[in-house]
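Sending over a structure as structure tokens; questions will come in a sec.
Think of it as A, B and C in the order they're written, each chain with its own count starting at 1.
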Amino acid sequence: MNEKLLSIRDLCVDYITDQGPVRAVDAVSLDIHRGEFIGIAGESGCGKSTMAQALMRILPPPAIVSRGEALFEGRDLFSLSEDELRELRWKCISLVFQSAMDALNPVLSVGEQITDTMLAHDAANAREARQRAVDLLEMVGIPGDRVDSFAHQLSGGMRQRVCIALAMALEPSLVILDEPTTALDVIVEHSILTEIRRLQRRLDFSTLFITHNLARMLQFSDRVAIFYAAKLVEIGPSAELRKAPKHPYTQGLLRSFPSVRGSTEELTSIPGSPPSLRTPPAGCRFHPRCGLAVDICRERSPELMLYGGDHSAACHLAT
Amino acid sequence: MSGSTAKSESGFSVWLTAIRRDRKAAAGTVIISFFILVAILGPLLVGDPKAPIGMPLQPPSAEHWLGTTGQGQDVFAQLVAGARTSLAIGFGVGLVVVAIGALIGIAAGYFGGRVDGLLSLLFNIFLVIPGLPLAIVIAAYLPTGPLTLGLVLVVTGWAWNARVIRAQTLTQRKRDFVAATIVSGESSFRIVACEILPTMTSLLVAQVIGSTVYAIGAQVGLEFLGLGDVSAVTWGTNLYWAQNDAALLTGAWWTFAPTGISLALVGFGLILLNSGFDEITNPRLQMEHAWRIHLKRRGHEPTRSTPVVIER
Amino acid sequence: MRYLLRRIGFYLLAAWSALTLNFFLPRLMPGDPATALFARFRGRLGPEALEALRETFGLTDAPLISQYFTYLGSVLHGDFGISVAYFPTPVMDVIGTGLVWTLFLAGTAVVVSFTIGTLLGIGAAWWRHGVIDTWLTPVFALLGAFPYFWLAMVALYILGFTLGWFPLGHAYGDDLTPGLSFAFIADVLRHAALPIATVVLATLGGWLISMRNTMISVLGSDFVNLARAKGLPQSRVVLKYAARNALLPSITGFGMALGFVLGGSLLTEIVFSYPGQGYLLVQAVRNQDYPLMQGIFLVITLAVLGANLLVDVLYLWLDPRTRESTS
């Protein structure tokens, strides 16, 4: 594997509410290597987006980072000053949100939204920046003359492509994609994902891809991490996860997504719903919904254990 | 902005929570309660406000706490007596205006289509036509008195509520549970009464408070012009007479100052009530409170970027 | 452009409603206003006056429809009838004298108030719990709770009467001749200072709070968060991303509040004996001069509609989404 780009250690993110702190990310440790495409899957509210935004420290109040470190190229993101953060943002790590319509400023042209970050970081002049913006748009398949268009004049798919072009603007080392295709139809989704992989190979950046669609992600990612109720419950190479998932939750997720290529199987969904993070279940958080739960599952929270190669899972019953 | 339906509790219980939690709402309640007491009990404790009790334009003294008017009447008595009518008309108009606004706003928002188009046009026209000149033109033809005043205030004041309530109805209507009940074939009346209205109680209460503020202010303005019953004792007519008797140019500040201050206190008290409400029903304004305290306790400045507050 | 055309259509409809209201009001009210007026001014108005009055109301023997069209016709020609209080001066002439002063006073006050209020609102939202948010906001909110004209009375009393810093009334000193001379303009400004300041102080709070609340809301939106994630400088995030968007609903609210502010401004004029529409209104009410009242109503309504149209044009310029239909 390549060298480590980002090393997250024991990260905890809390939301401070009237009734006390709610832990939205619980002791997550994760490494991202150069040039890697790593996916993060889990149900809504499991903490994946929170973690991603916490890395860039753009989580709005009442969030705080209450534990851990995130070493990006050796520097701890959590000890940087505001100015250092501002320099690092977008230049080293960039972000694509789920809803492109919400992510774009309605009163500025898309070109201006690409050039303003260039002008804020490099010493590029306005004309060069504009030309680069045009090139970026063409790179993601949008005609360059749309550089002066506004967000509302573009289709959903085009808007998302603009956001991707925007994310590439300063050639960052890590691009975080937070459910970028959830709001788009399947065909557009596939083409955008293919596009991203192509760009990744061309520009050589790492991708952190967040989604709730596990099947889709196994197709495109090198490695996949599974989140459940603020914890990281399984992580490993895609091929292995697909063939031999170790955590019952992962197994459940795989069973609930159809595969076009696979044999005709019965789809089953996981019974119940994710627990409240304010009062999580004792022991393993998944035990109320797990068909295999035994006594120890109700009492002790399982540690993330390595099971050969690069595959880890947090389950008392994994082998 | 007020009116978020984060909670569909009854307006009253939200109000109670607001008072307990938020100093602004509590302060507002104190002020308004005080004036309501004055309005109810006051006139029983002071003499006839219209009886001349001394030399005209006497400054405040031990005898007459707020001095005398240009006609030698007791300013204090007039202040206390005026509270009743001014507050009563203000609150009455506030209720009526929200009722009408709710009727039209909900009808427009719920039925949509042509009905919405027509009703929206109606209230938008009333919104854009300036209120004071319209009020004057209507009031001028009618006999002076509280009914005329009330009518004119209602005509010029209902449109804003219709607009706000329509917007909220539209939002509610789009929500899934309403769509479900519509599909299930329930009668429109039941849907509105049981599914939509209950979610709007906090909005309606806020609107009543806001409309009362408007009604009191507009009422005073019209009376100041001389369109109210100038022989009645209200806060507005107090100011009318003060201006008429050239209070300013004779230096008799006590004839207009107390009334104005009382008006401001009532208005401000009502606004405090409403903004206290706002903090409770608007989750966004609420959220940061606990966060700030958490940071302060650990010696952290609230930063723009997500703060890192490592717990030991 | 379709947006503008729709707005113009709406304003024409509103203007027509106001005209029609003006026409029907005297006819709906109890009693015959013209005769009632005549009774009131028994002996003070000659028969020609009564005739003129009847004509103003269009109360001829013709059928209602033709009365209506005659009325519309005269209005479109600028004929609003003859004033009772200033008989035999036509209403239009009476109004004309004061219109400029009202527009000057209210117009200046509204622009100044909105500008300062909006800027302070941006500051209050950006520096939450800072000086502006904690102190200025409640102070201006409190000031806004006073009736405008009461603040005018206080200002006049303290700054004019007691301290003598500002003149006690009118638009300019009696000893000066109107003209574009420096002395005259300076004097006009001196006389306008208190009235404008009063309206500004009374209305500032509204714009401040509204902008502050909208800003707080916009500061929480995704695109502002993304702007921060892009590493943009604070100033750009606040101004070009947040404020620029928060301004839009503020401008909409501005248009809606114009009529209301104008009303308060008229009452303020009365306190300062400012020779605008406010003073005329008082005279009209006192003398039950219905033609004048209705004339002022129409003129002020048209002014407000016109101002609203200007605001809509401004909005068109500020919000690219209104410039063409969405794809």
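Just so we're on the same page, a contact is a pair of C-beta atoms (placed from the backbone, for glycine too) under 8 Å apart; a residue touches a chain by one contact, two chains touch by 3 or more.
This is a predicted model, so every value here is computed, not measured.
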- prompt: If every chain is reduced to the average of its C-alpha atoms, which one ends up farthest from chain B?
  reply: A
Task: Find the two chains joined by the most C-beta pairs in contact, please.
output: B-C
- prompt: What is the distance in Å between the mean C-alpha positions of chain B and chain C?
  reply: 22
Message: Please tell me the distance, in whole Å, between the geometric centres of chain A and chain B computed from their C-alpha atoms.
response: 48
- line: Note: chain C sits from chain A at a C-alpha centroid distance in Å of 53
Query: When you check chain C against every other chain, which residues touch at least two of them?
result: 220, 228
Task: For chain B, write out the residues touching at least two other chains, lowest number first.
output: 288, 292, 304-305
- request: Would you pick out the residues of chain A that each touch at least 2 other chains?
  value: 53, 58, 60, 85
Message: With touch defined as at the start, can you tell me which chain A residues reach chain C in the complex?
response: 53, 56, 58, 60, 85-91, 94-95, 97, 99, 102-108, 116-117, 120-121, 150, 152-155, 166
- request: Under the touch definition given earlier, write down the residues of chain C that touch chain A in their complex.
  value: 220-223, 225-233, 236, 240-241, 244-245, 248, 318-321, 324, 326-327
Message: Under the stated contact criterion, what part of chain A meets chain B in this complex?
response: 16-18, 21, 53-54, 57-67, 78-79, 82, 85
- line: Per the touch rule, the chain C residues reaching chain B in their complex are 10-11, 13-14, 17-18, 21-22, 25-26, 29-30, 33, 128-129, 141-142, 145-147, 149-151, 153-154, 156-157, 161-162, 168, 213-214, 216-217, 220, 228, 234, 256, 258-260, 262-264, 266-267, 270-271, 281-282, 284-286, 288, 290, 293-294, 296-297, 300-301, 304-305, 308
Field: Sites on chain B touched by chain C in the complex
entry: 1, 121, 124-125, 127-134, 136-138, 140-142, 213, 217, 220-221, 224-227, 239, 242-243, 247-249, 251, 253, 256-257, 259-260, 263-268, 271, 284-285, 288, 292, 304-305
